[in-house]
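Notes to accompany the following structure.
We call the chains A, B and C, going by the order they appear; numbering starts again at 1 in every chain.
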Amino acid sequence: MDAAGHQVPDPYATTGVPQLGLRNYWYPVLAGWRLRRKPRAIKILGEEIVLYRDAGKIYALSDRCPHRGARLSQGKCLYPGSGTVSCPYHGWTFAGETGQCIAKIMEGPDAALPRRSHVKAYPVREHLGAIWVFVGDMEAVPLSDDLPECLADTNTWHGFSTWRTYRCNWRILKDNLCHDLHAPFLHRNAPELLLQPIFPYAAQISATPLKGGKGIGYSARDGISSAEYPGLGAFPPPQESWYRVLKPVGRGQEVGAAAPAVAKYGYQFRQSSLLPGITLIGRPSGNYFTCRWVTPIDADTTLYYSFSMFRRRGRLQTLRDRLAWIFWLSWMHDWLFSEQDKRILEKVVPGRELLSRSDIGVVAWRRFAVAHARRPPDVTSEPAANDEPALHSTAAE
Amino acid sequence: MDAAGHQVPDPYATTGVPQLGLRNYWYPVLAGWRLRRKPRAIKILGEEIVLYRDAGKIYALSDRCPHRGARLSQGKCLYPGSGTVSCPYHGWTFAGETGQCIAKIMEGPDAALPRRSHVKAYPVREHLGAIWVFVGDMEAVPLSDDLPECLADTNTWHGFSTWRTYRCNWRILKDNLCHDLHAPFLHRNAPELLLQPIFPYAAQISATPLKGGKGIGYSARDGISSAEYPGLGAFPPPQESWYRVLKPVGRGQEVGAAAPAVAKYGYQFRQSSLLPGITLIGRPSGNYFTCRWVTPIDADTTLYYSFSMFRRRGRLQTLRDRLAWIFWLSWMHDWLFSEQDKRILEKVVPGRELLSRSDIGVVAWRRFAVAHARRPPDVTSEPAANDEPALHSTAAE
Amino acid sequence: MDAAGHQVPDPYATTGVPQLGLRNYWYPVLAGWRLRRKPRAIKILGEEIVLYRDAGKIYALSDRCPHRGARLSQGKCLYPGSGTVSCPYHGWTFAGETGQCIAKIMEGPDAALPRRSHVKAYPVREHLGAIWVFVGDMEAVPLSDDLPECLADTNTWHGFSTWRTYRCNWRILKDNLCHDLHAPFLHRNAPELLLQPIFPYAAQISATPLKGGKGIGYSARDGISSAEYPGLGAFPPPQESWYRVLKPVGRGQEVGAAAPAVAKYGYQFRQSSLLPGITLIGRPSGNYFTCRWVTPIDADTTLYYSFSMFRRRGRLQTLRDRLAWIFWLSWMHDWLFSEQDKRILEKVVPGRELLSRSDIGVVAWRRFAVAHARRPPDVTSEPAANDEPALHSTAAE
């Protein structure tokens, strides 16, 4: 839908991947510290949601009062401890757990409170410093079902997160993260890679389903790190070769059977795509992952939530990891490196594509997502938009 | 219509109240002092109009030259005293009274001036410091027909006016003014009410047609000023009770048979809604009214014109009333109090409503407006948009 | 198309003149000095184009990589001297002459480069300080075919150019330049004309096809410079008459059989309209022309490219002409005079017109354009948008 509310034809309709994201998954939506007492409006998968916190719990409700359409996010939690939010206009008060209207304050304590006076309640959790919301049409799965191990197991992993809003559809951003060999070109001069060899390119990409059916892992072989192009010259071009330094192994390397990631931890893939739009990229050591979540906001906007996760290996190493992130990775990677993508992706003109050998990972992701995306268990009885049973919502741990 | 000129489905179509306002009424459109020599463009009920002043009279014409589409509001009154405005592009000159083109300057004095070379002329008046325009498809009624007594009778009443532009449809603003019991909730902490008891709420609202068929009057009974809500607590909540001071009667009170408003002046209703979108709220004394006009601009914008009217009761009292308005009411009411509504109304998400007991006044207003709105006397022959006889326009007094 | 990408009905559809401009012509699009090493995005006739310069030549390609839709204007010429531009995303590299993809860098030197991996190449030239692009569906004609003599023959003429972007459709701007007699009204007080008599108006306009079929020339007779209008008074009105000075001949004068322009150079028309949207206005001396190009950008935006051309008459006269332009014409004409039009044209409300005697030149232009606009020679086989042979592009001289 465009700014004026018109349905615009989806330029990527033929991929089968839905424009507003895969439903029935948990998504990170906001850093926990950004939600204080005051209710806050967010939008994900095209749905407008109010988040609020009361007595240490977080609640997520549809952000439109069914009475006269006012926004609950302009209201407040008038009765602290009750887990409710009151509409600012006439005081309709909704239970955060169920979405049920439990008081119409201006109509007195004896007002009728029929079943239909409710708003949709979204399951919501706080985990790893982020607020997670389950958007869909079925009972929520446990949050941990949707998290890769490095995010789920906080005893083994610690880390940081950052976020950015991209002015493009979520699929354009997710495609960018499917090992499509843009990195050796677009990021070839990224300061983060200054001390590392150039990524190999022209590799044979293959995509393999992961155990558990949650995604696909990418592998690549036969990559090269330079070549001569007829009529043009070498790539990388001579004027960019001065900084090709000598370290023999680097980020471009595949995991390989001998890598610690495989030997110690069993990780087969350096890069993988998980449902609903997660990209997991690890180091061959198996001790570091970036886990990038793509949360659709609306058809033209996407929230990019990036977690940098370190394996806990003693307090000194934890300190070292933290310092490395704060003084190097946070701005070299989450800022400078990602900005190179953002600049291009926000200007992509959606439409017909001419997919090619380097897009094997993109195509594999699209097919996987269409085939394996979670669906509500009972598809025979379509629930009506406003009359479905409110979903159970549990507070953050 | 949205910004791009598309027809968007009217989210309140089922109410029957027209999206662009009720036609065939007078509307206040601009403070008189804001119109000087230079023509000025306004828009009301979706129609673009040029206002100009010449020799003490005000004229209102459709703001598009039929020749090549230039805006008359960019032209000027080239022949002072003639009551005409000349298009800036080729000098087509239109009579303000009739809209007829009486000269095509660039074609010389002998140019053909056929009947169809005209623009729509709108009846216009200046009254009480405001410029009023009649928008419709019939001969204008006298302005006084459309004014409540406190605006019409300047011998008995004096007052002030202020205006604001709201970024919402006019119906959202007018609904807000139908005694819908939002006030005891939304305005419960308004500084204006600091020295008054809290409004009663949970009242039984009823709406009664006014004599003369111009609107409905609201009455309310059995209201309460506090109650206990199961599972929540008291409303007003304890943290807001410190400023419930002791004055026994206040704004929320109904007029009542003994009130001076009834006894002396015969006013039965404290609050009433008049066609085409007027809200009249009086004090029990009968000596003060706020009269709020809702003038539709376009589907998403509304001009809110608020008159504060005092009964003339001697020169000293007039001075007192003026000082009270200038130093208290103007900013406490027209600014702070109204801002509480504006903040909510501009964020309302139009769409399906779940009307309830407190909306009796809203529903009554909608039904009344649909049933009693003025219609052109002859509805059998639909006049063509551009060929209807120009309406007679008389100048301000 | 509006900002949101919707097809809006063309308000001037009945004229037959296309909303996005006449195809198959050369258009000036950018001052040459504004294109340096960095590729630059432009839009003309609704088409998005990247311009870049390599080894002294300029290239113009469609600004969307067919691979994944990134903008070539965000890429760069990675191999200087090759005349190529590389997509910033995966390094697809396109030959500027043909638009063919000649390397997919991330896929290695042996990547398949099928015929369909190409973008549209636009013929482009640099001439008279401007970059010219041929937009259409046929092989480009020589640039000189589309230039009036004063722009084509740089041995005889020298001059300056300026440009402005107008927020209106190109037809509204071009209509303004069809000798429609708006000048004696709209520009009657232009400072540029301070020392010249008022333009004659109420003239009998006629339009005559030019030799060679490239446009029409306007002539006017029986104009007057003042008249009395019944009920209004004189035009120009008395308050504007003080600056009617005495010089007996001026800008408004037609060329006339005895004028040097006719006697020496054979120019019959003071003002003419040439395809695809050029206006040529000369002085009776035949030694000066303003040549105004209207380049459609999109449905609501137009690039106005104005050339002021002086006949070369010795080095001293050239110096005098240059000084006259720099210190007088550039701001009096290209700035102040044109601003009077721009202000009106950008506010024109497109829609139904009531054309009149003064619009004879406008109507003649529209008819001429519809009847004589260049068409691709072979209209039987419609070329597919993305599979047509790339057009030959030669560099600037």
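Things worth noting here:
The criterion applied here is as follows: contacts are C-beta pairs under 8 Å (C-beta built on N, C-alpha and C of every residue); 3 or more make two chains touch, one makes a residue touch a chain.
Small disclaimer: the values here were computed from a predicted structure and weren't measured.
Residue numbering at the subunit A/subunit C interface overlaps only partly, since under half of the positions present are found in both copies.
Put simply, subunit A has to spin 120° for its C-alpha atoms to lie on subunit B, with the angle rounded to a multiple of 5.
Subunit A and subunit C have centres, each the mean of its CA atoms, that are 48 Å apart. Counting only residues that touch two or more partner chains, subunit B has 4, 6.
Only residues 4-6, 48, 64, 66-71, 74, 78-79, 82, 84, 88-91, 93, 102-109, 111-112, 116-117 of subunit B touch subunit C when the two sit together in their complex. Listed in rising order, the residues of subunit A touching subunit C in the complex are 2-4, 6, 8, 175, 180-182, 184-186, 201-202, 224, 227-233, 235, 237, 343-344, 347-359.
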